[in-house]
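Some notes on the structure that comes next.
As written, the chains take the letters A, B, C and D, and residue 1 is the first residue of each chain.
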Amino acid sequence: MDFAPSPRAADLTARVAGFMASEITPIEPAYRRDLAEARRTGDPWTPLPVLAALKQKARDEGLWNLFLPQEHAGEYAERFGTDGGEGLTNVDYAPLAEQMGRSAIAPLVFNCNAPDTGNMEVLLRYGSDEQRREWLEPLLDGRIRSAFTMTEPEVASSDATNMEATCVVDGDQIVVNGRKWWSTGVGNTECRILVFMGVTDPDADRHRRHSMVLVPMDTPGVKVERLLDTMGLYDEPLGHGEVSFTDVRVPISNVISGPGEGFAIAQGRLGPGRIHHCMRLVGLAELALELACRRGLERTAFGKPLVDLGGNRERIAEARIAIDQARLLVLHAAWKLDHGGPTNALSEVSAIKVAVPAMAQRVIDMSLQLHGGGGMSDDFPLAAALVNARSLRLADGPDEVHRGTVARLELARYS
Amino acid sequence: MDFAPSPRAADLTARVAGFMASEITPIEPAYRRDLAEARRTGDPWTPLPVLAALKQKARDEGLWNLFLPQEHAGEYAERFGTDGGEGLTNVDYAPLAEQMGRSAIAPLVFNCNAPDTGNMEVLLRYGSDEQRREWLEPLLDGRIRSAFTMTEPEVASSDATNMEATCVVDGDQIVVNGRKWWSTGVGNTECRILVFMGVTDPDADRHRRHSMVLVPMDTPGVKVERLLDTMGLYDEPLGHGEVSFTDVRVPISNVISGPGEGFAIAQGRLGPGRIHHCMRLVGLAELALELACRRGLERTAFGKPLVDLGGNRERIAEARIAIDQARLLVLHAAWKLDHGGPTNALSEVSAIKVAVPAMAQRVIDMSLQLHGGGGMSDDFPLAAALVNARSLRLADGPDEVHRGTVARLELARYS
Amino acid sequence: MDFAPSPRAADLTARVAGFMASEITPIEPAYRRDLAEARRTGDPWTPLPVLAALKQKARDEGLWNLFLPQEHAGEYAERFGTDGGEGLTNVDYAPLAEQMGRSAIAPLVFNCNAPDTGNMEVLLRYGSDEQRREWLEPLLDGRIRSAFTMTEPEVASSDATNMEATCVVDGDQIVVNGRKWWSTGVGNTECRILVFMGVTDPDADRHRRHSMVLVPMDTPGVKVERLLDTMGLYDEPLGHGEVSFTDVRVPISNVISGPGEGFAIAQGRLGPGRIHHCMRLVGLAELALELACRRGLERTAFGKPLVDLGGNRERIAEARIAIDQARLLVLHAAWKLDHGGPTNALSEVSAIKVAVPAMAQRVIDMSLQLHGGGGMSDDFPLAAALVNARSLRLADGPDEVHRGTVARLELARYS
Amino acid sequence: MDFAPSPRAADLTARVAGFMASEITPIEPAYRRDLAEARRTGDPWTPLPVLAALKQKARDEGLWNLFLPQEHAGEYAERFGTDGGEGLTNVDYAPLAEQMGRSAIAPLVFNCNAPDTGNMEVLLRYGSDEQRREWLEPLLDGRIRSAFTMTEPEVASSDATNMEATCVVDGDQIVVNGRKWWSTGVGNTECRILVFMGVTDPDADRHRRHSMVLVPMDTPGVKVERLLDTMGLYDEPLGHGEVSFTDVRVPISNVISGPGEGFAIAQGRLGPGRIHHCMRLVGLAELALELACRRGLERTAFGKPLVDLGGNRERIAEARIAIDQARLLVLHAAWKLDHGGPTNALSEVSAIKVAVPAMAQRVIDMSLQLHGGGGMSDDFPLAAALVNARSLRLADGPDEVHRGTVARLELARYS
């Protein structure tokens, strides 16, 4: 149970932290301002130019596609990837994700943002040579973006068997129908490809019913009906969309790993993605705590710095303790993933999905409160951080479903 | 300790509830859609026409200015006001506010929205005849809107002695300088008058330093610098603004109750306003619980209605219990206000300001979670409700300051 | 919704408070010491002599059997009872129970302790003339004590249909068999009568299966197997016992209200009893808060009174707010009971049973923490208070069952 | 950051677990019964004979003095100690402590119980040869027991500068006066030596005022005034005592490390001890969770196993997550202690002292609730476990002081 990053990972972490301090943090206020302006004047969906510049710079420094997993990176790590030309273990990548989590744009800059990372992993692990050439390479290259369409508006998607969208084999084509929402990334003007999940054979065994299909955005019958907000925020330039599929036809070669493999792929997809999400939230909570400390030391009321009033110090201590526990839990889950794969870490991955967003919501809420009214506004990154943490108590499975998984595995020890 | 509404109040409550059910709730989805459209296309700051129509209708039915306080309503209740021509006690008004709280627009429709109600109360209690004629009457008439400017961006405003803005007497004028923010209502194109609070004499006794001044929006030197968001929401058409005052001159007759009276007025202003805010939040929490129950009964997962999964029923029970406790606490504070005035209810009013927004945040968060991803979006009123409840843990004094008041008064019993 | 006590109840409350201040509180340290000594040297189960003296004194002052319910007290209020010769409503009795809750022995002193009050109520409402003459009168007279045997060790008694003990009609006798535990009062050497509940007809309708039978303690076949502790405390002189019944025969006239009526009686028994328990806990929490304030003002550390350290003031404020909410909720439930009876207050009574013990546990735990190590010991009444509050999250139905009731009734509004 | 135990530690953990399963767990119900009997009939303060037998057996298997710290064990590990003749790191000892924590008597059996371990560590690190020969060796041999006297009844001992007891140098003697309480172990008839801490020079620098003195129990002037309960439990055969010291004279050679060194020793003493306490609580929480799962699967109500009712599964999941986070946090603190010593782990050790007892209190409370009434009694180890966890929110420094430490170090990063 060794959570220490390898020397290479430690070096990369330091370099990512340095890049963020020198290149990203300083431009964030301007970025937020420019994005707000773009919202007002029309097009917040085309990534602002500064993003492309930062991406190039990160790539030049070898800080690119750092998420590439050790066991599947293969040639791609060298061709498109990280300094040193190898993928990282989950334990090694975790501190990098923590660093990136401190900024809303950093994951994009390092080509390490959801949902593209998850989609790239799927293609790495399950894609055909052709699928990888056509979609994985431009994604790794940062030239295009992708989205993942799974959740549906009309049913409780926490139960996968509720899924109603279909992808039916018809000769050498597969015909896609249905309606999805919370498809992150479809707002982005650079988004070219959707990974669609639907029912191919409703009569098959529960784990063999679904398929995963690559659907180019420009296929006839694909329509982004609208972009959804999360508590007023649209998360530009990615966007979370509601997408309808009406008799969408793609070649059967677009099915990943063949019809009926959707469920198996989805299972494999989620482990590392949840590590990434949770570790980024750990970083975000660290940022919130840092801001709370700084604000609490600088501002005064009733003749004292805010930190010396009421329970503020106790809240800062509780935040430190909560963050450290959360980080260790994520590292532990990452270590289990590295040693035995997703099936070895089912409970641990569900556990972090319950614990970490709730911790982040609490810590960020505390910091926001210490910032007074300003904390609610765009003047600080806290309100957006709170929405982010809150969203992740639903995204990738609601808390309740993950608690169910943890309980089921716990009780199985005694049944 | 009788919390039962008078027959007249019970009748008004039933009529407000009926009006909301027949006139307001049905148009809310369209209102949200039209407002979103107005945001996109340019002007969300001019109230949508439907509001004016609803206001007229409410007024025709005698459901107008229901907030008018019994002890100060005087002639105005009859001239501009409620059916029956009399003001209401706080206990009587509370269930009306609860009903209105279920809708973001209802308080506007009944001319009962913050901050106008507070400003009207100030003018009723402390305004000169001239001030009332010029500003109170059009406000009661619903022809203009107002804002209150107190909190400042550069200091911790939870400590009133930190206030830096000034209003200095210069002959028969008073000169206003400084910068305020979180001035709710300044975005509204119908906003005509600001109630400004600032320091007149820094050397006076702590409670005699401040003055409250009526500053017409169009006075030279008044500038709305920007409108602030709360977690992405701008609360159109009211808006929360940052306002600068640069050598703004108004006649000394615009000072309410004379120089040095600002603090005393502020104290009197806040009791009923907090009752209103809290009672509206009780109504909002009731709405959230109702939505949770309905959604939980309708949606199914894993073969059962959501309410029968995991801890959902327990959470619904906890919400019912929390709401009932909160309502009773507010009624108790209202009853204390009615019997002895603000100084008799200092602890009670601070207590509800701590307990109710926190309760509402918790209950709404629970309901949102039960709604899955949809709950985060504008498809349901829950995300906006959550922002509203969260904001009220800061607005009108942060939780921590109110806990300090409750503790001080509790400990005084033993010192 | 009027929670104000009647003038007579206000007068009684003042007199009970006065009696406690002058007669009970001052002797409590000696009582605790004497009881500890009695534990060491042998017999803590015979009430200490001071109790009898205090009971006589309370009775002389008309502070006796104050719990007698207005609607069923009848002649008994005058013959055995309260000053003024009438029973009280639940709302009127509530503040008396709150006062008594501040002391572990006060309920005994005023002949208002569980389970005797519940048993007396059952006899008042459902007993035959003979049953009342033989058992109710000596109970009201304070000459004997009683116990209630319902919960069983071998099954989850939160589900009444799990009950296994039987009472089978055999000619003009009824034969009782089974094992009960948590029968409070059976340790007391003055305990003479058990109210037993068991299954008479397992094939009858779910609500007609059970009977309630009066079983004198000295009936052959009745055996107190042992006395149970709650976290080390035995609650002398009452005691919580495990009692076995082996072919115990009593005349059929000992069945209360006839065979098959047990369930109906149990339902009626529980409403007021839960009001009493909860209101006593409100008093106990008030005592804990008072002790916290006094200790926090007296003791110093790091150069300040404890109340001025860390979050202590915020915790005191939260305790005040929580207690006030809990009291109002109990008063509300009492008012509902008074206006419509138990079936009108099912949700409200379950709600207080969830909210109040949890509140008391929290507030007492806070006060104990402020007392440092001493708080854990018998030097202060806090540790015993904490055990008391904790126990009441299980006694009379666990939290979970009551949350289930509240949720069921809430959801019924929408089904 | 490697938390994996060494092969030797893994082997020892397995052997301790095996010993507990075969030798300790099976006799615990009888032990509890015999101890209860000893309480009733007179002498619970002489360890029951079974303890001596188990100690011998553990020693024979090399499971003895396992707590001996690697860096100070020296010759003692071989002479009195663990299999393999070497001390363990904190990371290596942690899982052993977790195992032992599942039983109230296991720490005694393995000669690893507080406060003897802390006292032995002090003598190892700071004792003179003579002190070690006279007191350390019989302690390591298990022939005698010791106590630590620090906390005082008349002051808030959370602030060490409040200490009033004195130990004044008088020629070649040191004269001890004062009153201490919560001195664990003084009830034990085998207790021979007290480690006393008091003020030697009130005018010295804050960290040079105190001395630590070895005071044999039989020195004239030492008197155990009484034994204190924690929520009714006396923790026999150890006992927590109030001890008075009246002109107690011992040779100056009994001062550990010389006059004025008390504070420095105390600092060094507490790090590992807190790791032990916390890791034992992790084990106790694991036991509580196991019991909750077993009970929840076995008992049925309303036609289902308890685990399938209401929020029980969610609570089981939350308990699993909380325990795992707590364990990792303790391992992290242990690792920091191992790499840099106490000054390197100040925040981490305070953090576990806040987080772990609170976690254990919560998890045990949950399990107790699932056990119904029985959980409150001595039939299950849960009530005693709850008292244990609750006590540790005060012992070795209350939560609030440790939160203060964590906050101070956190804020120091930004000051």
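Here, contacts are C-beta pairs under 8 Å (C-beta built on N, C-alpha and C of every residue); 3 or more make two chains touch, one makes a residue touch a chain.
Here the structure is a predicted model, which means the values were calculated and not measured.
The set of chains in contact with chain C as well as chain D comprises A, B. Annotation: the A-C interface is duplicated by B-D among the options B-D, C-D or A-D, judged by over half of the residue-numbered contact pairs being identical. In this assembly, the C-alpha centroid of chain B lies 44 Å from the C-alpha centroid of chain C. Rounded to whole angstrom, the centroid-to-centroid distance between chain B and chain D, based on C-alpha atoms, equals 54 Å. Centre to centre, using the average C-alpha position, chain A and chain B are separated by 38 Å.
Counting only residues that touch two or more partner chains, chain D has 310-311, 313-314, 400, 403-404.
For chain B in complex with chain D, the residues that touch the partner chain are 310-311, 313-315. If you check the complex, the residues on chain B that touch chain C are 1-4, 289-290, 293-294, 296-297, 307, 313-314, 316-318, 320-321, 324-326, 328-329, 331-332, 347-348, 351, 354-355, 400, 402-408, 410-411, 413-415.
Interface residues of chain C facing chain D in the complex, by the touch rule stated above, are 151, 153, 155-159, 161-162, 181-182, 228-233, 299-302, 306, 309-312, 365, 369, 372-379, 383-384, 386-387, 390-391, 393-395, 398-400, 403-404.
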